[in-house]
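Input: structures, listed below.
The same subunit A turns up in both complexes below, where it pairs with subunit B and then with subunit C.
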Partner chain A sequence: MSSPAPTLDVRTSQPRLRLVDRIADPSERVLALLLLAPAALFLGLIVVYPIARLIYNSFFDLRMSGGQSAPFVAFENYALALTDKIFWNALWNTVLVTIITVIGALLVGLGLALLANLPYRIRWPVRLALLLPWAMPLAFAGLIFAWFFNTDYGVINDWVTRLGFTPLQWLLQPGTAFAAVCIAIIWKSSSFIGLILLAGLQMIPRSLYEAAEVDGATRFQQFREVTLPLLVPSIVVALIFRTITALQTFDIPYTMTKGGPAHATETLAMLIHSTTIDYGDIGYGSTLAVLMFIVSMAVTAVYLRRLQRD
Partner chain B sequence: MNRDGPFTAGRLRLIAAAIVVVNGFFPAVWILLTSVKPELELVRKPITYLPHEFTLDNYVQVFRQQPLGLYLANSVIVASASTVVTLVVSACAAYAIARLRLRYRDLILSAIIASSTFPLVTLLVPIFQTMRAVGLLNTYPALILPYVVLSLPVCTLVLVSFFQSIPRDLENAAMIDGATRFGAMWRIVVPLAAPGVFTAGILAFVNSWDEFLLALSLNSAARMRTLPVGIALYQGEFTFPWHIIAAALVVAIVPIAVLIALFQERVVGGLTTGGMKG
Partner chain C sequence: MNKRLRFVIVVTAWLAVAALPLAHAETVLHVFAGGPQQRTDLTRKMFDEYEKRNPGVKVTLESGGATSELQRQYLSTVLGAKDSTLDVLILDIINPAQYYAAGWIEPLDQYLGVKDAKSYMSQYLPAYATADVIDGKIVALPDFADSMFLYYRKDLLDKYGVKPPTTWDDLATVSQKIQQGEKRPNLQGLSFQGAPIEGAVCTFLLPYWSQGKDYQAGIKLDKPAAVRGLDMWLGMVDKGVAKKNIAEVKTGDTVNEFMAGDVIFAINWGFAWDLFQTDPHTKVKGAVGVAKLPAMRGGQSATCIGGWQWSVSAFSKNKAEAAKLVKFLSSPEVSKYLAVNGSLLPVYANVYSDKDVLKANPWYGLALPVVESAKSRPVTSRYAEVSDVVRTQTSAALARVNKPEATVDEIDSRLSRVMR
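The block that comes next holds the complex of A and B.
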């Protein structure tokens, strides 16, 4: 034990031990940062960086097939968008879809929640009936409703005929196509709203209704004075969710009508998709996406303001 | 409550249940009925409701003439892989947020949730560019990576609330017994949070299974299509092969329907946690 080897061993092993120790039990702050790092990496790569790149793109005449040269065009793309009838049409359709389906899905969802909240002995059929539309891909809902609204062999026109009316060319005319798309979206999204509102309804204490009944309140008064006010937080949550997704409407009109006839059901998301992916105009498509981003952030900001004030 | 006449409380309740059930199931049932009718019956007027002639031909065709099996495999691979990655990433983040001493805790959670309000279609263009530049178009990672971000907010929320419900003392006891913090997290918190992890996993899986826009744009090559893209692109130029589409839809809906039927309560719980706090 007189050789210098052990000393050397001690010297090298001590820091190694400390290092292992540190990995196995780092300080809380280091551990927290390590655990948050993957999420931060994903959000940085797939949300933050793309948004920066999107804004950058929008100042260039960038084409997918254009090779290396992409001339800087300053605000030309924006000027083009603001005078582009197809852009305004798509924006208008998006706003209209949002307003109609938010209100529609909220009303239908509230109805479903109230019906589902009754004291059933067997609960699963009702619960599954609310979950199935939520779990079904939007694209499938679009395809199924396209089949419903089929002019010749659709079940909707069969009912229309049985009721003694002339069948409509639902998806082939602008007005009815738009209505059909909205109906499909409301069906698909109302069940999720129903689930959220149902959870809200179930949190309202029974004692409040008993007290109202003692006071002689009618069913409708109970609904207006107890149910609705206490449901407001859930309604606000549902409203925000629905609005944000409605602004992004793509799948259902894409699978039902491809945006037609004559752009009647083309939403902003569809226009961005076709401009960039189908026509390869990345600069202009990015500009449209920036405009859409601004619109949707503005809507979110308005909601958050309201939330903070309440 | 018990009034005379045909509308007793019990009967009204039954009608209410029927409305909800028909609303939820009718489209799926209709497509199921469509899928077992022969092609000629679908183009006959007046239309039939129950199939006059029952056939399973459409199902044979959908696997023989169309690569539905391939789409199914693609969907399973993409959805499973993105679910696993999402769970690991969001469980780490949620643990840090729920349990560790952390400055700006609320800000970090808000930032993660805020990312879910960004429209996916605005991210589409640069994601497409990047995937194209690095040669990932028409590969599984092209979808798996963005899908992680798609479900990260809701999964993090669900897991934060689960982690918070586990008593801190359990962890402290383990650490006093000599476990490292990481060991305590791995051996105590993760197993106890298993139901939460499972719930978050189902939500992530459904999100990925259903996604259409990115799948359509990034993986449009026939061999890389997921179910929604593959089936939506069945439509020919002028004709819709409805008998084929219906059978394909049934095949594609069944796995997800079984999943949510088995774990209804968990899914509802997860959705409403995400909803209530978001």
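The block that comes next holds the complex of A and C.
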């Protein structure tokens, strides 16, 4: 096969290749595009299409029980959501849960990591204990804690009674139900944060502590001046993971209280679930999901900016 | 071996393996048969009987969902995805309207060879004829009937020389008398369902209906009557008749606590009788009486109609076979079997007076008129929403999170568009 005579491009002095030649004998740039194409298509199908469909659905009054009709309602669903006090309640609960459990899990996780970092003769039982809560499925953790907090048969009320106090109806009052849910979430997620922080702690060289001790630093000063500053990257990583997951809190409140006494422990994810799966109201559910997406993006943007600054 | 021959061998082997399922001429029907309260163990025995009579058909049973609304959520996911893995489904009485509107269940008229739906359904109790016929088409066939009764400890009432109460006030008085006499701190006077489960909708509506009111699409909620109903339940808690954490009690909890001998009066469904008599853990065998539910002051006794139906999934690949199975499951023979072995109320009026059935369930004499006059929860294609609002608000009111007036206002305003 004879090679085709290249035509001369008048704008540049480079000979212009025909498309066939571009693919048969690609340059590095074209090769890169070709190799990325399947992955991009895959990503588009799995990520972009559902989100686009979600936004599309939010403009219609689409219900499972509505049969085939799905009237176009433009922004009516959004207006409904923004004036719906159940939505604001769920949003507030989500924000509250995020703040409480992220800070709580960080503190507990840090304590666990410091404990796990002590020089033990046999290390694996400690690591295992740290790993188990994280390995347990969320729904199991929720159901177990629901039994712990059960008024009649729960372990917590058993201890409370033995210590001489009156037992509380934990899951029946909004305040205590919310506290119970937060306790369960902190228990579950602190082990994950503990693992990340443990990895960070292990990377701090012993020589720094020895040097600090030589300089006369107390244990607390060592912690403040050596441990914490060098742990900051791990803390940031743990915070990002924990915050994004906390915004999506669903499993534990769902299995513990189903949204608690009159929506007291209902998070955004639970509201979306009940609207879409229980009511079959796909249009409104999509609207709520889009709003939750916006909130998540906003939080992620804050973290990303923080990371970029580093 | 050359390349071509190898290619042919591989492809033929692959095709042979792929065609294997087709060589099996058996029809397999997958049935979602509910949870423990639908007695899936008895259903399995019925399936075994059907398989014996219909060689070439295998029936697999899938169970799940501890409560009605959990089953509804599960089926919403499966049917919403147009999944064809389920052929036959069990539905609570409140669901056929919603499921038919969503296009999830298949009308059975053509498979049953029925021209006049009304006359075919007249063999069943009227409530089920109404629930299972939508737009003039038969969308489900009844499995067993159900309604709520007042179970009581015959032995305790006899000991204190009192008769079963006919009003809620009476019940509170009788209860307090017995509780004071027995001096057991964990003896509950009355157990009913306050948890935010489907049954809580009935808890809300029982005293409401008792005052002669109704709640359906197009009928406005009578707020003072609804408030009086909630006040009645809260009064039971205040008098120490019902336990303080009544908002945690589900159907199964009432059954377990009554079975353990810790409850004098229990509000529950028909299936509970069999458990009280035959469950290995029961401590109340032979000491249980059944009565109509008490009435509100100046009102009539009213109860909630329940009951379960079989329907064919619109996405099933074996609709004709599935319809045949459904017809078998709602036959008088199966109805009698379920009544004798599980105290599941029959859907045929004449089965109530069958002597074998009466031997197993001596109280069925009073059961038939109760079931025939039982009232229906709101019939609407958006029932899931109605149920969610009523049950969560009622449970919150029973937990004293909101006052009854605020609760009723909330229910009314949230459902005003749905119940128009």
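One rule holds for everything that comes next: the second predicted complex is superposed on the first by the 268 of 310 C-alpha atoms of A that agree within 3 Å, B and C clash if a C-alpha of one lies under 4 Å from a C-alpha of the other, contacts with A are read in each partner's own complex, and residues count from 1 in each chain.
To be clear about the criterion, a contact is a pair of C-beta atoms (placed from the backbone, for glycine too) under 8 Å apart; a residue touches a chain by one contact, two chains touch by 3 or more.
Keep in mind that this is a model prediction, so the values were computed, not measured.
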Would you sort A:Thr227 into first (subunit B), second (subunit C), both or neither based on which partner it touches? neither
Looking at A:Leu118 after the superposition, I want to know if it touches subunit B, subunit C, both of them or none. Which is it: first, second, both, neither? first
Can A:Ala264 be said to touch subunit B (first), subunit C (second), both, or neither? second
Who contacts more of subunit A, subunit B or subunit C? B
Once chain A of both complexes is superposed, is A:Phe145 in touch with subunit B (first), subunit C (second), both, or neither? first
Is A:Ser189 in contact with subunit B, with subunit C, with both, or with neither (first, second, both, neither)? neither
In the superposed arrangement, which partner chain does A:Ile277 touch: subunit B (first), subunit C (second), both, or neither? both
Classify the contacts of A:Phe250 with the two partner chains as first (subunit B alone), second (subunit C alone), both, or neither. first
The intersection of the subunit A residues contacting subunit B with those contacting subunit C is 150, 152, 277
Residues on subunit A engaged by subunit B in the complex (per definition of touch): 24-26, 28-29, 31-36, 38-39, 42-43, 45-47, 49-51, 53-54, 57, 112, 115-116, 118-120, 124-148, 150, 152-155, 158, 161, 187, 191-192, 195-196, 199, 233-234, 237-238, 240-241, 244, 247-248, 250-251, 254-255, 268-269, 272-273, 276-277, 282, 285-286, 289-290, 292-293, 296-297, 300
Residue numbers of subunit C touching subunit A in their complex, please. 69, 72-73, 76-77, 80, 98, 101-103, 196, 243-245, 247-248, 381-382, 384-385, 388, 392-393, 395-396, 399, 401-402
Given the complex, residues on subunit B that touch subunit A span 13, 16-17, 19-21, 23-25, 27-28, 30-31, 34, 42-47, 88-90, 92-93, 95-97, 100-102, 108, 111-112, 115, 117-130, 145-146, 148-149, 152, 156, 180-183, 206, 209-213, 216-217, 227-229, 231-232, 240, 242, 245-246, 249, 252-253, 256-257, 259-261, 264-265, 267-268, 271-272, 275-276, 278
Footprint of subunit C on subunit A - complex, ascending: 63-68, 150-152, 169, 171-174, 258-259, 261-264, 274, 277-281
